[in-house]
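Common to both upcoming complexes is chain A, partnered first by chain B, then by chain C.
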Partner chain A sequence: MLNSATIVGYLPDYLAGALLTLELALVSTSIGAVLGLALALTRRSRYRVLSWPTYVYIEFFRTTPPLVQIVWLYYGLPLLFGFDLGAFGAAAVALGLNVAAFLAEIFRAGIAGVDRTQWQSARVLGLGFLDTLRFVILPQAIRNVLPPIGTTIIYLIKDTAIASAIGTPELLRVGQLVANETFRPAEALTIVAFAYFVLTYPVALGFTTIERRLSLARA
Partner chain B sequence: MSESLIVVADLVKRYGSETVLDHVNLAVTSGQVMVIIGPSGSGKSTLLRCIARLEPIQRGQIIIDGLIAAIGTEEPQSAVSGPLMPSSRHDIGMVFQSYNLFPHLSVLDNITLAPRRVLGMSREEATAMAADLLKRVGLEDKRDVFPGRLSGGQQQRAAIARALAMRPRIMLFDEVTSALDPELVGEVLKTMRALAEQGMTMLVVTHEMGFARDVADDVIFMDKGSIVERSPPDQIFDRPTGPRTRTFLERLLEREGGSRRAK
Partner chain C sequence: MRKLFVLVAAATALIGFLTSGAAKAQSVLDAIKQRGELRVAGVLYRPLISPRPNGEYVGADVEVMKLMAADLGVKLNIINSEWATAVAGIAADKWDIVPALCITDARKQVVDFSESYITIAPVFVALKGNPKDLTTVEAFNRPEVVFAVPSGSWSESVAKEGAPRATLKEFGQSTSSDLIQEVVAGRADAVVMDTPIQITMALASYGDKLEVIPGVDKPLDIKACHVGYAYRKGDTKMRDYVDGFMKKLRDSGKLQSIIRQYMTPEQIKAAG
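And now, the complex of A and B:
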């Protein structure tokens, strides 16, 4: 039988875990968005010195498990460079570097989807490269790829659970601890699942809303 | 004799091994309207794109107002014999066949973006100027509309206003009426006529022979990457000197004969 009373006592722990999950997701999304954009641009560069290292970076982070990437940063950095990010830092940076690779490919597709003539029109108007990107190309590129960006961010929020492997007390870790203490893993982890839903569903709704608004504005 | 605003000297443009412009020479004086005609693939559009600095050139140079705007990539360093035009210069406005307005911006923002970012105009200043331009092209009520809601002719007039907002000294028109429904061609040509009357230097690639006859100072006939003939419209239409020009014009008039477009 479900014993809800036992679980209710742990709600503050769950709340703290959810907050940490949210922080992890925010920090790694920010790293991923900025780095991903830079990677998308260098990947498109006609200079091999820029596009080749980017290619290697993207494929490396897309094809190795995020769990291993977190472990590398958490255990590897202090060993190799005597530089300790801490559990939260290692997890946030590793997830950020990882999602950057995926976002880079999405941004690249979005930019490639903007008609070449848009660059040319901006050019004959005298707009520089950065202004053209900022005011002409990116607003259209992002619109093209809003759905995959939303999906990637939702994946990332759930992937923060991997940080539990190095002891970051985020949602899944809290669930595991509660399960161990109460011997009720099903209830303890169902609450975890529900909490992830509460965190991710608004993101899904938000992206749908933005998409609808922008397509209205364009018509 | 007045100094040329545009000088194209011995221009060679190739795409791979295909030569698109073959030693083209052209001089245009300030205030002149040049209409360029010729069969498709003759290099008309490419010539405009080279002058707009959208395409690198292989040989020769393009001089705008005494400054070297483009020089052939295969020219030796010593060929640079004058001041270079900085890449940020925007003396040349260009209007394309496919309008190319920015679809995510309103008509107003399409027009004010470059003046604000490049010329450093304030929002108020740019908006006032845009309102003025929109009146000139007959779109004063379309300020806040997005391009997707405009007809082709309206989009093209908005594109002309956008180009004029940078106060160019030269306007390039690349088959700007070719994508339009026939009944919308007139309104765009009218805008271009007005611009010509105000003394704008214009290079116009078009198949609108009525426009060429009325507005052009000179008509240039291009074929296979070369300028074959350059003459005032009366002469080129009534007494073309070259056989290729004659054949081209005969075919064109034959086709237009049945359904001649309103001027």
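And now, the complex of A and C:
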């Protein structure tokens, strides 16, 4: 029997946890988007001194679990450099670095999907590299890969739950603590699931809407 | 193939770099005073220490740590943590003290401990006036005696060691506190519980029905957990301080009264 009455008193705690989850997702998406774009470009570079380190970075972050990366940043950095990011910082940076690797591959695919002649035409028109990227290539590239970007961001929002492993008081940890205190894990975690849905569904809807608008614009 | 080789080489270099972390020279005690803050790992071992969903911490260890911070003239800062990495956080300088930790030889390799302030140890629990006359430890060591144990648990290993000839009935996904029902319903003869935490709960629910062997205050000498405070290894200045503080607390009777205050069914259950 689900008993919601015991849980109601914890709603402010859930709200605080959900806000922290949202902040984590926003900060790590921002890090991931900027770094991911830079990586996508260096990965395509003719110069091996650029493309090689990028290759190593992407493969390293794609093939190791985000939980390990978070714990490594949280406990490893202070040991090595005496530099402490704190629980939120370590989780946000680790998730950002992680998602950057995935976004880099998506952006790269998007850029590769833009016909070579577009680069050549832009060059002929006298556009520099950055202007070509900004006005010609990226608008088309992003349009090509919107669905995988949306999926990756939704995954990221849910992956923020891993931050509970280092004690970040985000949504899942709040749920675990409520379960622990009330001995009602089913109710406590159902609320957590519902809250993740409320956080991620608008993102999914948003991406679908943008996709539809862009495909209309293209038609 | 060459790419793989470079990746492996890079990973090896990274691990070598990691494990060469140098120990810090300054005593943790000086660092605490300089910082004006005593940092404690916020773990969960009710009723010693447990985080509430709103972020505050409650429990016997929290009271002791408050007194220690006051004694040092600094603020107390309990940092959210998890058991899996609590001990590692000492070396990483995340916190100065991990409370509520069983003192083991393996852990002593990496951290130093205060004296133990409470011992969590096993007892056998059966129904009072049971037909198999289970009133001594030896009486449990017979094949016709059935222990209900969570599989793979501490209770199971205690039963195997304390009553090797008894029959074990294993349960997945349950605790000894759930399994007392088996004994009450007559489907098993005995369970292993820890004293004082689980037994306090069990006695609160079934007090007059249960026989506790050897006794609530006389646990078996098997796999006991002597609980202490862990801090950085080899820090003699910190050790002298912690030892002195614990002695003061014990001599004044304050330590015992805090533990008594928290070892109640209500505190163990909700600690809130």
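Simple rule for what comes next: the second predicted complex is superposed on the first by the 219 of 219 C-alpha atoms of A that agree within 3 Å, B and C clash if a C-alpha of one lies under 4 Å from a C-alpha of the other, contacts with A are read in each partner's own complex, and residues count from 1 in each chain.
The working rule: a residue touches a chain if its C-beta (ideal position, glycine included) is under 8 Å from a C-beta of that chain, and two chains touch if they have at least 3 such contacts.
Computed from a predicted structure; not experimentally measured.
Superimposing the complexes on chain A yields a three-chain arrangement in which chain B and chain C fit side by side. Using C-alpha centres, the superposed arrangement gives chain A a vertex angle toward chain B and chain C of 160 degrees, stated as a multiple of 10.
When the shared chain is aligned, chain C comes close enough to touch A:Gly76, but chain B does not.
Of the two partner chains, chain B is the only one that A:Gln120 touches; chain C does not reach it.
Of the two partner chains placed by the overlay, only chain B lies in contact with A:Gly128; chain C stays clear of it.
Touch criterion met: A:Ala87 reaches chain C, while chain B stays clear of it. In the superposition on chain A, A:Val136 makes contact with chain B only, while chain C stays out of contact range. Once the two complexes are overlaid on the shared chain, A:Ile166 sits against chain C while remaining clear of chain B. More residues of chain A lie in touch with C than with the remaining chain of the pair chain B and chain C. Here chain B and chain C sit at a least CA-CA distance of 26 Å once the structures share a frame through chain A.
For chain A in complex with chain B, the residues that touch the partner chain are 115, 117-118, 120-128, 131, 135-136, 139-140, 143, 214, 217-219. Contact residues of chain B toward chain A in the complex are 52-54, 88-90, 92-94, 96, 98, 100-105, 113-114, 117-118, 146, 148-149, 162-163, 166. In the complex of the two chains, the chain C residues touching chain A come out as 3, 6-7, 10, 17-18, 21, 42, 44, 46, 50-55, 79-82, 84-85, 88-89, 91-94, 269-272. Put simply, chain A touches chain C in their complex at residues 10, 12-14, 16, 55-56, 59-60, 71, 74-76, 78-80, 82, 84, 87, 164-169, 173-174, 177-178, 180-181, 183.
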